[in-house]
């Protein structure tokens, strides 16, 4: 049985909005920027309470990143908000030079990440953003799993000095973590202990991993489920300790299998403890229009896909 | 002993220039675009011979990618030329939507890749471009090892239908492959057979790998050296066959260890044959000014670094 | 060519009968009928999947229908190369409903396929794409700001091919905030790309409000002219005869060493009273009752899909 | 303020003694001496490592020296925050030699450190960076087109902090081909960022040739004005008194609801005869003989590093 219960589905972007509103009250240095997507990013509450600390940039994401970098110079902590594609690929060089290499304290907050934004289709469904951001030296990359954790992560990154990429999504998904759980950057969380196989999941796929583990339990497979909300810095220890016990691993992410969490884990393993691994991720294709659940099923990102990969990796375990 | 001899050092970008000039004669559909870096990209010969098939875009790389996409619609085969950073990170979303997702037959040709461009420093030394381009569905990613191979690759990609990222460098490096060797996209090449350890190298590091293998031979270590000029599609077979024999592997690339060739290889291994692997790559840092050889030494990208990693991985081999 | 239509009210029903560029009353009737049917198509498409962008789509219905049916010199069928025919690129890809409906009604594919808009496995993706092979689409759009560059490239290819036909491209006004447009603007003027007509949907609105509230574009005409373009302002962007006259005038301005632009003032949500004079319907679908009300204002003409 | 200097020849030696904004002859002498020394520094820096960008650096020497020594209200020492002082951003980072030499000569770090330009482990990277902690640098540049946005952000922060000081930023003219500049231009005007002075190094040259040959910028002043900026053209961008007057005039134009720009016409390679009137020295270092000839034209004033 899934040890967690859904407290009521909510979108993770609303967790961001709630966290930002909270920061508005507690941290006078926090400022927010948006590129014509206030509603989608759930920034309304912050803006209403602190209009003078909000900057509407218009549809000019490159300029937004530069302005954010400049604001840090006056001691501000800028939170930029737009869709994940326009938060990363659109502005990679601007983030690279004006933020990452310049060591600027900018929080790049990205909604509508992954396939699950749904009907808008492939031009909006970035499946490479984790890879893009993880390659930048000094960048912290976070992909929380539900509303509560996104809210906690939003609040936590304000206190972290340095650039952060915070990724969240559009659809309503189960909210199951505790609303008062502290968020520790870079510390993976074991959500369910197990001895047969390790499932390392991030973002929306954490809940799917828990559901898969519950189903696997009924097949007498004891899966360990780790919520790896921080992809960089990666919690190598928690992964290595777990596979030392289980001997095999499945990674699960709403991302291309190239360049993302899965490859980071593969690298850690091959460098430390070569271990059979299977990948729950998109298979080097663009996305398409559809409902979130249709897409997760078609592209193999749901609990069924996780179970399949667990069976596959168990067969490979010696 | 290194089985190859340096026929005289040349820059790989000149190989591109030579290949492009050749294409100018043989393929009337080939057109070239440049963003104010004609000389650096060695495009002069093509331009002189075919001024009407050359487009000077000015310092506007995003526009260059869009124009290239548009040119394909009239049946042209556009070759874009600028530095690697401005060929990838600067224009990621433009490549993604207007070229890759749109399936356009654009050849993105990128010079000054990696640390070895030297004195210009970190803003120009992209160490993430392989990762950036490999994550795009449908993109072919090629990083040839010397002048001759770059020339051959340039000519070969004109006949490949679909977007290609061709990466080459600034400094003069040994030219050692045969000038009439055919270039087959996606087929790795075993440059030296060996049984103790596999060294998979790309770009400038192939020569370093050969030199390292020669030095290792004197220490009675028999290294197999594979030139993996195509990073995507990756020649999984050649890698898996080699490690089946050697039982351990070192990957070598002028790139961050995050997201590049090394992680692609780690993924292939963990999915097929978990194997101890060590990484010759930059260690998640930005580059800096210096001469190419200083930088390769400081950042651990030369034959010495390869030897060290070989020793390390041999110790891990069971 | 004198802008004689600006004197007339832009009342959709009060058209002037004698129009220089349309000689037959039948043409006018056909265009107005098609616009009305396209409006229905747009509304029904976005309603069915409860997503998509009706506002900008409705605002550009007259433009699309006029352009595709009376202005563009098109060949039968569809080839990606598009040699020897006029080509159109949609940069503001979110108004795909009007693009799809216009294409279907112009015969690029069966109108019944409009039924698949934004569904899984459809060729009618949320934003237009070549990826699924939909006839009429030559490049993907959706991420804003890229279409003008692509259009410039296609125009250059036409020149290389000695192909005398023209390139059309539509952009949103909010979209002009993207810097890539200004790169393309500068290039087209510097390199005399004069076989290109760029039209801007100047509806004064974007997602978060009016363009004025979000990020003022200032004087757009002045900007285009400063960037070296022959620039027309079309006040009646929802008036078919005015559109026709303007498009013909723009065509006549091609080939003179300068790129050509039309700043087309439209009404977002045009043709559905409660969708007009607001940015609320930029990206929101009507519910059942709203759909009914909207369709009642636009009775069937060519037959629903 | 009348532009009285435009009437005078821009001969470096024929300065007018009475300048409104410089009251002491000593200041003028100091500035001219510093410019000459900075020229030597630039030449020696790029020669030593046989790389770097002398052309644009020399062309902007008068601007940098005047700005840092007579115009900017700076505090002692260096803090990243730069509160309560004027800040400068270099967007066209390739002209780092003139930036470094000016900073060193203004006391930000020891002049001897100029000796480490572009060497391994140096704080004087090929392009300016904060990464190595060099005092005076607040953001990395080198990839063109990003500096104006950063400057706008810093200007907004000053407003939030009720800090009345100004932001200065320099861009290249070729650099204006990057679309991000126009995003920042549109934003600064729309949001009334009027505590910002942007200067463009209008030398008419870039890597592959003149801007005219590569990609004509057209009428730059018209573009800036169309984008809503108060725009000055400075014809004598290598003439210290003219620079001073212009910079003071620009300062006086701040705080009036519009961003302020100076289009500064300079001569690339200024002060070294064989480096002028060509784009050849954009990014090429002189060899030994060329260095000697160039230094001979610019005798030591404040002492070589």
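For this structure, a couple of remarks:
By written order: A, B, C and D. Residues from 1 in each chain.
Here, contacts are C-beta pairs under 8 Å (C-beta built on N, C-alpha and C of every residue); 3 or more make two chains touch, one makes a residue touch a chain.
In this text the structure is predicted, and so the values were computed from the model without any measurement.
Counting only chains that touch, the fewest steps needed to get from chain B to chain D is 1. With centres computed as the average of Cα coordinates, no chain lies farther from chain A than D.
In whole angstrom, the spacing between the mean C-alpha positions of chain A and chain C is 37. Centroid to centroid, with C-alpha atoms defining each point, chain C and chain D lie 44 Å apart.
Between chain A and chain B the centroid-to-centroid distance comes to 30 Å (mean Cα coordinates, whole Å).
Contact of a single residue of chain D with at least two other chains is seen at positions 129, 131, 140-143, 177-180, 183, 186-187, 190-191, 215. Residue positions of chain B touching 2 or more other chains: 57-58, 60, 62-63, 85-86, 90, 93, 96-97, 101, 122-123, 286.
If you sketch which chains touch which, every chain touches every other chain without exception. Chain C contributes residues 80-83, 87, 129-131, 138-143, 146-158, 160-161, 163, 179-180, 183-184, 186-187, 190-191 to its touches with chain B in the complex. The touching residues of chain A, counted against chain D in their complex, run 31, 52-53, 55, 57-58, 60, 62-76, 78, 93-94, 96-98, 101-104. Across the interface of their complex, chain B is touched by residues 49, 51-52, 93, 118-122, 125-127, 129, 131-132, 140-145, 174-175, 177-179, 206-208, 213-215 of chain D.
By the touch criterion stated above, chain A contacts chain B in their complex at residues 85-86, 88-90, 92-93, 96-97, 101, 122-123, 127-128, 131-132, 134-137, 232, 256-259, 262-267, 269-271, 274-279, 284-286.
By the touch criterion given at the top, residues 177-183, 186-187, 189-191, 215-219, 222-223, 225-228 of chain C touch chain D in their complex.
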